[in-house]
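Presented sequentially are two complexes of subunit A, the first with subunit B as partner and the second with subunit C.
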Partner chain A sequence: MNAIASLVVFASCLLATGAQAASPLKLWHAYRGAEEQALEKSTKLFERETGRAVELLALPYDAFAAKLIAAIPHGVGPDVFIFAHERVRQFARMGIVDPVDGAIDRRAYFPNTVDALVVDGKMYGYPLSLKCIALYVNSRLVSRIPETTDEWRAMLARMSSPKENRFGLAYESGDFYFHAPFLFGFKGALFDESGRAIFDTPEMAVSLAFVKRLQDERLIPEEASGALVKTLFNDGRAAMVISGPWFSGEIAKSVPFAVFPLPRVSETGLPMRPFLGVEAALVSARSTDREAARKLAKFLSTGEASVVRAVSAGHVPADRAAYDHRAVREDKLVAAFRRAAENALPMPNTLEMARVWEPMKLALQGALKGGVPPSGAGALADRRYRALYRPKPERASGVPYVVLAGLAAALGLYRARREVLSPELFSKRYPDAARAARYVAPAAAGIFVLVFIPFVYGAGLSFFHHDSGLYTFVGLGNFVDILASRGYRINEPLSFYFTLAVTMLWTAANVVLHVVIGLSLALILRDPLLKLKGFYRVVLIVPWAVPNYITALIWKGMFHRQFGAVNGLLQALHLEPISWFTQFSTAFAANLVTNTWLGFPFMMVVCLGALQSIPAELYEAAEVDGATSWQKFRNITLPLLRPTLLPAVILGSVWTFNMFNIIYLVSGGEPGGATDILVSESYRWAFQRNEQYGFAAAYSVLIFLVLLTWSSFTKRLTRGAQDASS
Partner chain B sequence: MSAVSLKGVRKTFDGHAVIKNVDLEAQPGEFLVMVGPSGCGKTTLLRLIAGLETADAGSIAIGGREVSALPPRDRDVAMVFQSYALYPHMSVRENLAFGLRLRKFPKADIAERVSAAAELLELSPLLDRRPKALSGGQRQRVAMGRAIVRQPRVFLFDEPLSNLDTALRVQMRGELARLHRRLGATMIYVTHDQVEAMTLANRVAVFNQGEMQQVGPPLELYHRPANRFVACFLGSPSMNILPVRREGAVLRGQGFSVPVPEDLGDASSDRLLVGVRPQELLICRDGMMSGEVEAIERLGFDGYAFLSTPAGKVAARFSRDASVCVGDKVGAEPVGDAMHVFLEDGRALRHPRLSSH
Partner chain C sequence: MSGRGWIKTAAVHMLLALTCAATLYPVLWVVKMAVSPLESLSLSANPFPQHPTWRNFAAIVGAVDSSGRWLFGRNLLASLAVSTGTTVVGLFLAVTAAYALSRFKFPGKQAGLQALLISQMFPATLMLIPIYAILQRLHLLNSLGGLVLVYSTTSLPFCVWMLKGYFDTIPRDLEEAAVMDGATHWQAFVLVVLPLSRPALAVTALFSFMNAWNEFILAATLLNDATIFTLPVALQRLVGEYKVEWGMFAAGALVVSAPVMALFFALQKHLVGGLTAGGVKG
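And now, the complex of A and B:
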């Protein structure tokens, strides 16, 4: 009795400590490089001090918000996550974060960082650091710091040399986050009095014209991505860069640099005002150990953790106490960014702010690449904004749908009444049904869970409208919106019909090219006189074997306007380099080339196999009958290939119809969403346009219906072909 | 002018000489059968004539025209393949018309020729079917029809009946003979079946290991084979070959002796081979040879007994009245003059005189 009691006590102690030790706090973030390392160091400090383990998870920035919104309400998210302040309002409204008043000392932090995290008077997170962009200069190349934009332009002109591919300034000109300082420097505003986003303003046009002029005068590079900017600065081919604190970790050791606030705009006398971002550690409202989570968040935002982040990652700490440390006080980078932050404008944490990005991307692209005059770009953004954020469809009553579903079920039951009412008939017709079911059960279960349930869920989702966690039933409202092309004309890129046409053109062009190239190569490889057949076969399979996102990124790089291999080749041939992603035809061609490179090996292999199954005797008989090579091809090869080619073509067409990777990675839907196909458009509705899940689900259902129609049509074709062959 | 003329033709595959110097001529309107065991090169020779292979040496002429360098399409030949090689995706009518369509014949001509061939081969009700819906014999006829519509100078047949069952084979043999009489065309026919050779051919050419052994009318080859190989190839069961020694006026073998035939003449050697066909060796109680019956084949009208004798295995015939069982000790006696004599290297020395030709 004693033994059992002590065993129980021992076991429960084990369980208790196990429970204590077994659940590390989960911390999600979107850092890379030096920032990630600094975070890891800080969490290690926490672990050492409190004995509580912390599990870090790095996520890509694009999908971070969507993941949080999806995971936390279901209780499977992190305990603490690090996010920029601008979504705090939305998170608060969705119940993803809770106020931390009572567990925080507001005075410990700088006031504007506190303000950034306050929603309706309550504070929702622990400020970690300030972020804003500033001017990096290569100290070796730049001796004086420009105070005004006129000075700046003069300096840039001296430092740029288009022949040597050297630029005075490099920055991600296509991203609104980097363009905002220009807009605000020219006295522009993003929101009107009611708080709604406005784009079509004269100041917007002037700011766009300014940047366009910099680009036209070859003072800044075109199509600058983050990677390009980094490379140019590290190679010494860009004397100045506009970027944020994270950039310091990406600069090569050999490049001496210093950081300064952005210059003043000569025309208005106002300083260029970047957005001020506050990064905060936010505590999940569904954390199982709220107290420990808050402790972690607070730890990260103050004290040693704050110093670590400042010193290693160049973060500008938001807590005042950090500046008592000499390391922080004397850190030039931190000081420089703090100075730059004085002019910074806190990014509004309203929902409207999140809606600004996509329309502005369109405007910047149009003005800088697409030949849209700066005065028209604002209007372009406005239209896109209006189209994306349509008023939500009216709430619909579920009654007619339930009635309809009931009728359908009744009809189904009526039709199956024989089997339902007389089970003996069923078992007589299918005597082995029970045994067969056992064999099929595992696969059926897998398919049910992985295919059927998500499908039904998605189809059901299409009847709802989603807005910040609220689902409203709208019946067929989404479908009506899509099919009636409400909010935009039919021939605009956002229209379902436009995208459908592009998708069909995309599919047809690809399949034709794949089959023609694959078949030609298969015919060449079949020639008995060809040497090194094995070698060719392996080499020609390689495009298919390489993961297609790698291929897509390589090709995208090759189509770059200034630094791409394709334009380099054109220039070597004394042809005009093409700006691939500014026109529909060339962007489409770029996608097409990439996908053809990826797709022809499949057709080649299929054709090779099919060719080998044609008996050689038929060709001999045809030769004796009098056929030339072309006649043999047309009358024997092609008809006998049909039964094999047809399924391959059907498969290939369905795959190509939904080929998300290439479209998303190569052209990115440019220009202005014109090369988006249905599936990538649907993705954007779901994940890039404020989580309009219901709308995106409706899109998916429509895609499914289109492909279903196509399959039934092709089934008839296959049956016809089967009848025609042996 | 011969229809087909082969002179000094040689062909080697992978270092292996498949055809070793063949000279052969086919006369216009003749049914020439090339026969021999597997691997003797007869099919290769046919394909050389067709143009599906090129000879390494020698010349091939069709209708007096040198064709060695011409592709099959220009040689004015038509070929019937062993596995028919019908186009599976075309109907019978389209199969028949294919060659003509390729050569851009006028539609009316095509239709006429197709229906004529179909009628000749009794294919008319089948014209719209696909090959997979036809029986073996029907497919064979379509393959022949495809050749017929072309009206070529020479027909080439590559073992066309080997995929058919026996009854059908007999029937098709008759039809082929009838076809030949009707069309009067030159036909070169390859087979390994000596019955087909004997029954269909105007002339038979026997091949062995790439060399032609003998060519001539079937009965000539049967009664007067030029060498041991031809003697054993034609006729079933094959001729009994027994080694003997010439001793004065007698040819002495193991356990038997026969008088030397008058017309034997001087041979270079005393060691010779005697050949007697089983059809001319009758089972009796006592005879020239004796032995024990090892196996029996009763064929209804008569039968063959396979004896084990001191001279080796011997096949002999018995009529249906005779009661012969396995294990019996019997004798065998040739009927009349039935002795062929060969040199040891196989060359024929003497053949029995025939009572009537």
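And now, the complex of A and C:
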């Protein structure tokens, strides 16, 4: 215990950074490129003016919200952070943002940006800029701006050439943020009168059919990511792009461009209406220096900071006074986006809005890639919505659980007491106990604090329902919901049983492939006369040495529909390129290939070691008896390999069962969560679906129980193997 | 050599060469992305670069923040500190515990061994939230020290199992003889057993180091200061959901992987002996 305590002290002295007095203000953001530079410039101005240092932290956008939610309540968060308004209501409910009333002049900003930040009458944060998407055109390729969608489509058809990989338009068609203008242009609504999200509407079907047709006629690329859109536009292989102000910083200097509002939908006569987002500087509720934090947030939203943002990053400032500056007033990009924003629909900052994304992603993917007819995609989204945001389990009384836990603890104590009670017997049975305790103590203390306690805490969470920082005790409610598959059919991707089956298939397939490939290679490499043996062995363990998240991302790139190496190989062999992540079988295969590449070297090395320990005399004796190679393998190699191989297989199966990185990074659960395994599903419940921590914990406990069952089964197997070999 | 033997040898080499090609292909692909000037977006199976450039590497290695601090240098230092710290602390904890589990009888030993195995089955997502809260109590959030403690305890079960298995294969007579000659138990352990376990120690150290060097989910969650980010966390920023800078990422991936690959290959001759004589053989 002493050792661990001194280690902690030592380590923290050596390594902890610690917060010093008069610390700089912390400002977190998710900006990149030109936006980041503009922000750096503004904070430099602030530092010069106030003498107070500002420390910037840039975070990846997808991890930003989770990080804020974790850090701020624990007092390690920023003083000020920059976020779009759509999660302000949630942040306010969780108590991580501070209202700014009294320190802000609402009239200084555009009214719609103020409204976006108001929750229950209080205003949270200083509005920085308005954001919406618009149409970027390459002025060299496009001479006329389309007014209506009919005209637009005719233009796109002329500018596209599937053979040369050229497209009239490129945008991230799988993302609802980019699909919204189509939906609203076709007169669709996203919420009914009561404010609940609706998906299964005729307008939704029409808007999906419109985009599907663009894709079928190859006027837009499939599976476009932001990176792909950027490259296509910069290479002149996409004449138009739908994107927001941030995109202007990504365009190569050599590409002349202009920005226009999106066209009108010919069928309805309505303009395509994108979402309007308001980016704001929010003040953390746990800032230790609220005055200074507010000052910084206000500084960023007004005056020179607005001008910098507008001129160098193309932001549309929310601050009215910014337009008094000529540089802002005459900036073409700012003017263009301001015009586009006139048609934009302010995104509600409600929880209901936050719930729309995942079901809509499913609908878009189903319609664009998965072979679901556009008219059926809405229903798909609606079912997913109902499954994800199922009603909260009823509050339960804690009494029976406490009584049960107490009884179990008493029983355990009673049993332990019998052992320890007679000291004579104890010291006789365990003469080394005191010495052993000294050796084990440091490790045991570490494991107790950082493995055991978190486990108990996590398991405890599974009895609670979590909503915006509030925990309610629901007893076994979460488990009942999961096991009864409430809200979805048993054979649907979101059901526990479906995911369990996928996980088992995944584990079995991987372990078999790892062992077969590893063992075959080991058998070949065992040959003492083989030349270049050392070389082969070194090359074959390369995958083991590469960090597995890097492996996963590399393979994801290699499986890309349009530009991946795997489809390149297929094409070289005159085969049709495959859209790997649109079907369960191919997406699963992609995951499997990645993990096989990653995992076979471990088994190969284990097998090599085990083969070395088999005495050569056995084979010689068998040869004298005239045994064939197969007989030798069957009767000598395999039985003697078993005691070493079996534990490796068991360990490997446990690791594969919980192999989060590969699933999450390669297929990402595509299509529609079908290739998710239990562990990635649990992660999604915890961090991507409104922080349903309790439900996620229940999933994790179930994973643990499944593996526990598996291990007690394998224990019998190993015991059998040891008996056989001894 | 007979004709049939020759054909067989050729077939074996063919097979091995094919497997090696499949193994190296993705690596070559990364190298190509890393040294290609623009993102290589043509549908091509050719893994060899056409116009190599060092620009991506320069951008990764030369990364500085707004106040001119050399971020890459600091991140590299943080990664080295965490990985070395994890190796030292983890090895110390694992060696002592494994030795006790291998040599002494004490109550709870079987249960402890089982518990170690079982702890491998906790999904990491279950642990993330509580670990955060615990480190806050210990005032170790946003510190490399906290990261070292978490890494060394989470990789402990595997290390202990491996070392215990190896210690089991070392005859007790040696220590007993040393104790007869007047050494204390601790001396016998440090001077007799440990030197004999060098392969297993090397492999355990390698695993601890690799674990810490490669981990990014915990590091990204627990660290809040760009100057003490470990390299994988810095790398993570290049592959956001909305923007992936493949060229930079590939260059970064090579830079991050290079040291651990070098270490791996330096120690790989121990792998075979260290692994199989040890932990995996329960």
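Rule of thumb we're sticking to: the second predicted complex is superposed on the first by the 685 of 726 C-alpha atoms of A that agree within 3 Å, B and C clash if a C-alpha of one lies under 4 Å from a C-alpha of the other, contacts with A are read in each partner's own complex, and residues count from 1 in each chain.
Criterion: a contact is a pair of C-beta atoms (placed from the backbone, for glycine too) under 8 Å apart; a residue touches a chain by one contact, two chains touch by 3 or more.
Since this is a predicted model, take the numbers as computed values, not measurements.
Aligning the shared subunit A places subunit B and subunit C next to each other free of steric conflict. After superposition on the shared chain, subunit A has more residues touched by C, the comparison being subunit B against subunit C.
In the overlay built on the shared chain, the residue A:A610 is in contact with subunit C alone; subunit B does not reach it. Using the contact criterion defined above for the overlaid structures, shared-chain residue A:S225 touches subunit C, although it does not reach subunit B. By the document's definition of touching, neither partner reaches A:P528: not subunit B, not subunit C. In the superposition on chain A, A:P391 makes contact with neither subunit B nor subunit C.
By the touch criterion defined above, A:G121 lies against neither subunit B nor subunit C after alignment on the C-alpha atoms of chain A.
Within the superposed three-chain model, A:L618 lies in touch with subunit B and out of touch with subunit C [touch as defined at top].
By the document's definition of touching, of the two partners only subunit C reaches A:A63; subunit B does not. Between subunit B and subunit C the least C-alpha distance in the superposed model amounts to 11 Å. When both complexes are aligned on chain A by C-alpha atoms, no subunit A residue touches subunit B in the first and subunit C in the second.
The part of subunit C that touches subunit A in the complex is made up of residues 12-13, 15-16, 19-20, 22-27, 29-30, 33, 38-47, 65-66, 81, 85, 89, 92-94, 96-97, 99-101, 103-107, 109, 112, 116-134, 136, 138-146, 148-150, 152-154, 156-158, 160, 185, 210, 213-214, 216, 220-221, 224-228, 232, 235-237, 239-246, 249-250, 253, 256-257, 260-261, 264-265, 268, 271-273, 275-277, 280-282.
Across the interface of their complex, subunit A is touched by residues 50-52, 71-73, 77-79, 81, 83, 85-89, 98-99, 102-103, 130-132, 146, 150 of subunit B.
Here subunit A touches subunit B in the complex through residues 615, 617-618, 620-628, 631, 635-636, 639-640, 724-726, going by the rule given at the top.
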